[in-house]
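Beneath this line is the structure, given in structure tokens, with notes to follow.
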Amino acid sequence: MDRALARRLDARFEGVLHGPAKQRHDQTEVRIGAGDVQQVLTALHDEPELNFTMLADLAGVDTGTEMQVVYHLWSSSTSDWLRVIVEGLSRDDPRIPSVTYLWPGAEWMERETYDMFGITFEGNRDLRRIYMPPDYTSFPLRKDFYLPDDAARSPGAGVRHVERTHSPVDAAPGVLRRTGA
Amino acid sequence: MATQTPPRPAKPAGAATPEGTHRSEDDPNVLLQDDYAFYEPIPPYPPRTEREAEFYTLGDGEMFLNMGPQHPSTHGVLRVVLKLDGERVVDIDPVLGYLHRGVEKLVENADYHQTISQVDPLEYISSLFCEWAPVTAYEKLLDVEVPRRAEYIRVLSGELNRIASHALFLGWFALDLGGLTPILWSFIERDEIVEMLAALTGQRMLFNYFRIGGVNGDLNHEFMSRLGDWMSRAVGQLEAGMGLLNENEIFVRRASGLGIVDSETALRFCMTGANLRATGVPFDVRRAHPYSIYPEIEFDIPTRTEGDSLARYLVRMEEVKQSLRIIDQCLEQMPDGPIMAKLPRLLRPRPGRAWAAVEGPRGMYGAYAISDGTDQPFRLKIHDPSFIHLQAVGALLPGNLLADTMAIMASLDPIMGGVDK
Amino acid sequence: MTDRPAHDPTAEQRAAEPMASDQSGNAPAALVVPGSTAVTEPIVLRNELWAPADPNAYEGGRPAEITHLAEFAATEAGRRDDARWSGILEVIPTKADYVLDLLRANSLWPLLSGLACCAIEMMSFATSKNDIDRWGAFPFRASPRQADVLIVAGTLTTKMAGPLLRLWEQMPEPKWCVAMGDCTCSGGRYKRSYSTVEGIDRIMPVDVYVPGCPPRPEGLIFGMMKLQQLVKDRRGHWPERAIGPTVPAGV
């Protein structure tokens, strides 16, 4: 629970952050735009009083309206995890500078994010698909990619779609099995 | 001969190939199906990225060797395209995805509770850690306080799982270096631990034991008796297994100096866990960013500075000893109380984001959970250490001999279930 | 689409039946007929990886246009079976055949094809505590050319389906296939996923299904003992190979 970290980040990156840094549990969160990624992350990595030398995770998020890339960083100078959310990437052509110049280990994480979301990391020398076959055309983790059983219906409504077993071949069509909630 | 098959006309070399086929480059008299070319080591399309172009151009005297998705090493389905200069590896291109099951998408379409069973088979031999990270992230979203007894049981079962996983690491590492006995001994050890955990959780492998807010079942007589029985023999068995290898000149000479990583490279490659500690950086999530009840437990973090495969192996064996110490303390300090927090059946956390990381046997296992206020998780991103370490193999392998390829990979201890999610 | 007779393909019947629905010019057959108990039309995969340009190469070779191995088995070349003592004796099982089956059953050498979590239980089934060496199956061969049984242990994804099928095709006959674990039987807990194959019987014939997630090593031992029984009774899929889903399309 390091509340001072949020204040330090607010002071250091004034003007770049989209709003004040938030702190909850053991995580501090800042939001920036795609153009500031290199500046902010290089500063977080290189400056000795910040010293966020360890990139814990690089995740892509599709909020439905926009795309985001989320970095989790760790530093020996603070007891909190730092979450850097890069927001505002468009859903049609999301582009963001790559951080492989700082952490070569981010290359595969960016490949995975590209494979699942279609976010292009400019500067990544190897941006090709990593999980899906090379001729796959969709980006599976996008919100407009539906699983075959027509996902995103709440099981709490009484019809548990994720558990629905298929009705026998000779049953009348349209039979819906309601399991106990 | 009365054949029902249509006659096949002869095709001289150079003539047009029938639809859907093409001529093989090695032998123009051989026709290959077009879609089969997909599995050739050299991709049949032009290189799409800079790195692909760099890798797939052969220098003088170099060749490609495809270690296909099925190979005798036991990591799982990993395809590695090696660029070899004689016996030396010049470069590698790992191809993943042969076990990609779409866990993150399935989790988005299910309940919070169903996450646990979906996420289990990721690092299948250390299942409890795969459950621990998302469960902790959800508990942060729900602001739930886990009862102390449940935390102690989590640590106890987690450390047992860590010992089982390291025992398997020992077996596989020795197997990839050519030794056939240690893997049999490791599986004996693992079978005992896993029967113990089956008495506790009901399953030998994909335990499905942790719940959001606690654990599923309390300690029972069978578990405690098996545990006590095993603990009395555990150190002896470990010493025997290590004794087979540590004093074996072939093993030591092959493993030392193999795949050396220095600490700066390891941090740049985002390595965590025993691989990082073997290079000199004493980063252990249990001490660097304590979670659960680890602040109350005494244990050391074994660290070495050489950074080679032997150091990684020795660090993991030391960790097993520390895990035994932790199990001892858990048993002594185990409090009474409930094992599950009081939570509603249908979980609807507040909209928000939470990150949780635990120290798994392979490294830092993380989960980033986003909730949008409904009863289905909005996003769960799993951070898997095996994925990161496999990347580093590309930096470690060049210059080594072909036979050391699998040895280096085994020393980094990847599990393809976690790599491919 | 008429009801296909289940297990009695004589040469004339094969010649009279229309070709499979993946051949051009044939309308796709109705896959599910309500009220019928017939097995649906299999989706036949072409099993040719390559063909010699010279039709007389490789000793006159197999005809390159094999679409269904059972059709091939009806031809002259298909009836030559080097694994048995003689073509005529195959009709009457003799003591020699029985001994051969006993030999095969007691030394089924599996192929190392552990894909995921079930592979760990398969390894556990091969090592000391549940020792499969008692049944002669300890040598897990790395090369498909030397293996008898393909124990598919672990989730099959669409990316891995091709290589796995190539492994199956490279295995010389007699060969059997064991689907170990829920993911290979039916897709298991990943049935709804976008990248898994819902059960390996969609791409290869399976002789024994071992359910469980993962099945205990004792469960796999039981599956292998069942397989040994199949081998001795000659009830496996090996005599007639039809590749395709054994599940109707509506399910």
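Letters A, B and C mark the chains as written, and numbering starts fresh at 1 in each.
The rule is short, and it goes like this: a contact is a pair of C-beta atoms (placed from the backbone, for glycine too) under 8 Å apart; a residue touches a chain by one contact, two chains touch by 3 or more.
Model, not experiment: these values are computed from the prediction.
For the interfaces B-C and A-C, the C-beta contact count is higher for B-C.
Relative to the centroid of all protein Cα atoms, the closest per-chain Cα centroid is that of B. Chain A and chain B have CA centres that are 22 Å apart.
Chain centres here are Cα averages; for chain B and chain C they lie 31 Å apart. Remark: chain A and chain C have CA centroids separated by 42 Å (rounded to whole angstrom).
For chain B, residues that reach two or more other chains under the stated contact definition are 38, 97, 100, 102, 105-106, 109.
Of all residues in chain C, those that touch two or more other chains are 159, 192-195. Residue positions of chain A with contacts to 2 or more other chains are 131-133, 140, 145, 147, 162.
Taken in their complex, chain C has these residues touching chain B: 14-15, 46, 48-55, 63-66, 71, 75-77, 111-117, 119-121, 123-124, 127-129, 142, 154-155, 157, 159-160, 162-164, 166-167, 189-190, 192-196, 213-214, 216. Chain contact summary for the complex, chain C toward chain A: residues 32, 34-35, 158-159, 192-195, 248, 250-251. On chain B, the positions that touch chain A within their shared complex are 38, 43, 45, 48-52, 96-97, 100, 102, 104-106, 108-111, 114, 140, 267-272, 283, 288-289, 346, 352-355, 357, 364, 366, 368, 370, 374-376, 379, 381, 383, 387-388, 390-392, 395, 420-421.
Against chain C, the residues of chain A that register as touching in their complex are 131-133, 140, 145, 147-149, 162, 166, 169-170. Listed in rising order, the residues of chain A touching chain B in the complex are 24-27, 29, 53-57, 59-62, 70, 72, 74, 76, 79, 81, 83, 102-109, 112, 116, 125-135, 140-141, 145, 147, 151-152, 154-156, 162.
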